[in-house]
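Going by the order they are written in, the chains are A, B and C; count residues from 1 in each one.
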Amino acid sequence: MKKLVSVILAAMLLLTCAFSAVAEEKYLGVMLSTNVMSLDTNLATDGESFEVIADCIDGLMQMNADGSAVPAIAESYDVSEDGTVYTFHLRDAKWSNGADVTAYDFAFAWKRIAKEAGEYAYLLDTSVGCIKNADSIIYEGADPETLGVEAVDAKTFVVTLEVPVSFFPSLMYFPTFYPINEAFYNSLEEGTYGTSPETFLSNGAFVLEDYTPGTATLSVKKNESYWDADRVQLAGIKYQVVGSSDNALTAFRTNALDVVTISGNQVAAAKKDAALSQNMKVTGAGYMWYLSFSQTEKNAQNGKLANANLRLAITNAIDRDNLVENYVMDGSLATYTAVPPQFAASSTTGEDFSADQDAFLDYVGYDPEKAAEYFEKAKAELGVDSFEFTMIYGNNEGDEVAKVAQAIKEDVEDALPGLIINLQPMTKAERLDKMQNDNYDVALTRWGPDYADPMTYLGMWITDNSNNYGFWSNAEYDQLIKDCTTGAYIADYDARWAALFQAETLVMQEAVIAPLYTKANANLIVSGVEGIEFHPVALNRVYKNATIK
Amino acid sequence: MVKYTLKRLGMAALTLLIITFLLFLLVRIMPGNPFPSERMNAAQIANKRAEMGLDDPILVQFIRYMGNVLQGDFGKGTSLYNGAPIKTVLSTAISNSFRIGGTAILLGSLVGLLLGITAALNKGKFLDAFCTVFSILGVCVPSYVFLIFLQYTFAFRIPFFPYFFDPGRFEFSSVIPAISLSLFTMSTIARFTRNEMVEVFDSDYVHLAESKGMYGRKLVMTHVLRNALIPIVTVMAPLVVDLLTGALVVEKIYGINGIGKLMVDAIAGEGIDYNYVLALGILYSALYIGIMLIVDLLYGVLDPRIRVSAKGEEA
Amino acid sequence: MAKKMIQPAAAAENYVPTKEDFVFLSQRDIRTDANFASQSYWRGVFTHFFKNRRAVVGLVIILLIVIFAIFGPVMNSFGYRDIVQYRNEKNKRVVAKGISPQIPALHQLLTGEALEGNFAEYTFLFGTDDLGRDLWTRTWYGARVSLLIAFVTIIIDMIIGMSYGLISGYFGGMVDNVMQRFVEIANSVPRLVIVSVLAIFMPKGMGLVIVALLLTEWIGMSKIARAEMLKIKEQEYVLASRTLGARNKHIIFKEILPNTIGPIITQVMFSIPTAIFTEAFLSFVGVGIVLPQCSVGTLIEDGFNNITTLPYQILPPIIVLALLMLGFNFIGDGLREALAPKLEDM
């Protein structure tokens, strides 16, 4: 027995020595909330994956600290007079295997996106990027070679659009538009691109150092051959997936991680701690939570929610300030507009599209009396005075969602006697499935902006859009949106902006959705780390200017 | 014995085939999309389904799938790590879960046996009461609560162990999860051992052995424990399978990429990943069937009077 | 099993046995030990059980939990789904969330000062959760659900699990083979898959939870019962009983079952917490009870999610569960000793 004890002690001692001896250059320890699903721009769909891809690959443009697009691989670009032809002039940059970054790499990558027709291929089509022939390739299977892109020579990349797109340069920092080295890609076994450091090339600030799909850790190290290497101060970033948000705060306090995102209850705890509240930085996460109402006949007791007054009654019964202050608690903003604030600013006036949260106070707000009035009208119009709806929400979409759902239930049932809301949690997969098959009454759902234009939201509610989960249809609205994407307003920026606001008004007047709050992230950043740029759109965190003291 | 084992293995293959087919059907009935997307339209999703062959008759799909599996190809995910072949993702997960789970099983069963034996030998005394309370707490408090407690104490307050799992320091960083996972097994084994041994101590042949002057460790080991082992081995078998196939919450909190987390991601992530569910299902069933076979063979070893096999095929 | 009887050599050669020569075992006048059998078996079990101090303590614990589960939620003015809140002078909502256990009177007594805070006048014995609901009410409300789960589990284990295992083990051979392969199949389909499919065909809620438990919860017990059966069926008294012409049913349930009761009771006890956590898991994935309802299992999960910030939240449900287990275990131990009394205990 004694012998066993001494052996164990000796072993423990050895282990401690072996593992404490490792001294390395300080990497920044960063928390991820979910695993990185894919480093292939065609397959990646989540913010975590986009963040890591953007660490390693530069597109034509990159995101500035204020969210504007500034040149990256493109040294400069010209736009034709009618705004439909963009000519990008590429700078000298290298892939991590030594090859030059060329216009051919971009042409290859973009055609591949169109051909594979994946999740984000829509950024190329006429609802967003309007690249010539993208629609026919993505939706009708036309030859990808017909895509309106051309590598004139190794350093000149020309893109032809169907119609002018005012925000086109800012799309260029989205990972979907990043290049892939064709020769390298073709040398790999099919389906293995981006599954390990060996099967992935970077041309950006960092190179992939350690990654296996499914692991909770991932690291990138500084790319010495990056064209802008002088700017990058970090030796590298070590990502760690933290599956339980409760754990994030302790992980930060243990110094296991330098940058973490904490949720409601921890924010409250951290605020009580003077040192921790110094480290806290609230940043916009971009996406907006809202209630979607199914208006079709087969749901909600034979389409009762098709009645606008009933929807208005519900949206006026919800105390959004209470939601964000008492339940979400991480700095999220109560939202009263269909387009959330703080992501889309006018390029002529610089004003945020949704800066005025009181714009629709007549239709949305917390006013139980007004809610009751609408409810009376709805009861009279529908000829019934009791309703029972089921509200679906995801149980794997964040800690606060179940709390928010319960608070909404209490508010609505309080203000509107006779209306019962039953809660039904399910996985996000099932929630999406139910919404896409129009098999729900009310859904607590969210949408994040893909690009910095109100259209990323307003485009959803046109007739027959696959994200129009309420099946609301309004001819005036459809026309307005059409004019803004491909019609009358495309050349006149301010007129388009005004038309978009008009469209938003239509959505709010009829309470097509009930906006709830715009999510924020409460980050804790260790003292001495500065310069991490946070964005609500596209790339949530950018580390090119980050420093550790 | 050999003949019986071979026969059982043959049946195992058939059972596995039935299970795989059942799973193959059930995942397709489950709500949820193998290609979860809010940005693709119906036609795009239909194309993806067609590419994966999901529109073919179910039997055709099944035969094609089994053909691939027999060649060791489990395909790739549809929504999960969709670039990478399942084999690569699964192999690290299996290696992590097996090693941590295996440690937990060893720890749990050895300490559990010791605790149980001690309690039985001290029936009615303080140690027995301690063992009872320990076992009850061990099954009432979920392993992830133990994990948080250990992590908080030995990785935060006393920063000796790493706060998160670190594949580069495998042994060292699997101490905390292995201990927390072992507690349920430990408690169950301790309780069963204690109760069984108390009964065996009361039996005539132990009284006989005692009256013949046998006592102490020899008595416990040769007569009592051996006879108490049959139920213990029986309760242990499913625990072994569960521990080897990972524990979701523990893996999630400690940042281990293991089988448990993979399974839940596959079923309840953004979508339902048919290929992952199937691959993991086959793994789980094969383990379960294999361990049940081992248990049946062990019965005969522990008590030669037991014959699981039918007459005429002596085990 | 009928073996050919060998005629005793001494029997008269011409004698032809008549019907009257035979009598059913059960109709025969059986002589019993008048001292020992003066009380019936069950009466013996009863007295034996209540003589056992620990067993009585166990029974009292369970009864107390049942009483609190029935009356606990109505012992104060808060409903299980009521959010304790008011509006302040600025018309802002103040919610009693995350308040650790407080008893204003006791605080006054101990410190001499009145309790401070927005809800200082309220007594929250177990505190409030992060929505602002009283945990005392929720804990006992949740105990109702979990007690039901516990009893259902006991029934499933004792009826399905035990019979399945005993029968499979007793007949062995082909019967065992088929029955065990079925167990393997039933056990191998992930619970989440089978439950999600079931949820398409039946309403979500307690009913579905019980069906889910019915599907797999008996398997552990059946394995134990089978193992015990395999061990015992080879023993001499079983052979004796069989030779005497006892039917299979009699041998399985009357002869062997009482001798397997020890591990069976232990298994029942240990399957209860597993079942309670299974319910919590099913509720979390949305096929069990729905919010704002709760169970001990879901309360433990909620508490766990806030364990570093609101650590008091996890204690009440865990203590209730542990007491429940302690009570059941004491009862189980008492029952085991009472059902299979050894000579020395008498």
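We take it that a contact is a pair of C-beta atoms (placed from the backbone, for glycine too) under 8 Å apart; a residue touches a chain by one contact, two chains touch by 3 or more.
If you're wondering where the values come from, they're calculated on a predicted model, not measured in any experiment.
K.L.:
Compute per-chain Cα centres, compare each with the mean of all protein Cα atoms, and return the closest chain.
P.N.:
Central chain: B.
K.L.:
Considering only mean CA positions as chain centres, point out the chain farthest from chain A.
P.N.:
C
K.L.:
In terms of C-beta pairs in contact, which of A-C and B-C ranks higher?
P.N.:
More C-beta contacts join the chains of B-C.
K.L.:
How far is the middle of chain A from the middle of chain B, if each middle is the mean of its Cα atoms, in Å?
P.N.:
38
K.L.:
Just how far, in Å, is the C-alpha centre of chain C from the one of chain A?
P.N.:
Those two chain centres are 47 Å apart.
K.L.:
So the centre of each chain is just the mean of its C-alpha atoms; given that, what is the distance between chain B and chain C in Å?
P.N.:
Distance between chain centres, rounded to whole Å: 23 Å.
K.L.:
Residues of chain B that touch two or more other chains: which are they?
P.N.:
31-32, 148, 152, 267-268
K.L.:
Mark out which residues of chain A touch at least two other chains, giving numbers and ranges.
P.N.:
244, 246-247, 250, 426-427, 430
K.L.:
Hey, what residues on chain C touch two or more of the other chains?
P.N.:
Residue numbers touching two or more other chains: 196, 285, 304, 307-308.
K.L.:
Would you mind writing out the residues of chain A in touch with chain C in their complex?
P.N.:
244, 246-247, 249-250, 264-266, 268-269, 319, 321-322, 325-327, 395, 399, 402-403, 405-407, 409-410, 422-427, 430
K.L.:
Which of the residues in chain B end up touching chain C in this complex?
P.N.:
Touch residues, chain B against chain C: 11, 15, 18-19, 22-23, 26-27, 29-32, 132-133, 136-137, 139-142, 144-145, 148, 152, 188, 191-192, 195-196, 199, 202, 230-231, 233-235, 237-238, 263-264, 267-268, 277, 280-281, 284-285, 288-289, 292, 299, 303, 305-311.
K.L.:
What residues on chain C touch chain A, complex-wise?
P.N.:
Its residues touching chain A are 81, 83, 92-93, 95, 97-98, 130-132, 196, 204, 284-286, 290-292, 304-310.
K.L.:
State the interface residues of chain C toward chain B in the complex, per the touch definition above.
P.N.:
172-174, 176-177, 180-181, 184-185, 187-190, 192-194, 196-197, 199-200, 219-220, 223-224, 226-228, 230-231, 234-235, 262-263, 266-267, 269-270, 273-274, 277, 285, 300, 304, 307-308, 314, 318, 321-322, 325-326, 329, 333, 336, 342, 344
K.L.:
Which bits of chain A are touching chain B when the two form their complex?
P.N.:
Checking each residue of chain A against chain B gives 15-16, 19, 35, 37-40, 43, 45, 117-122, 138-139, 191-195, 212-217, 240-244, 246-247, 250-251, 253-254, 256, 396, 426-430, 432-434, 436, 447, 450, 466-467.
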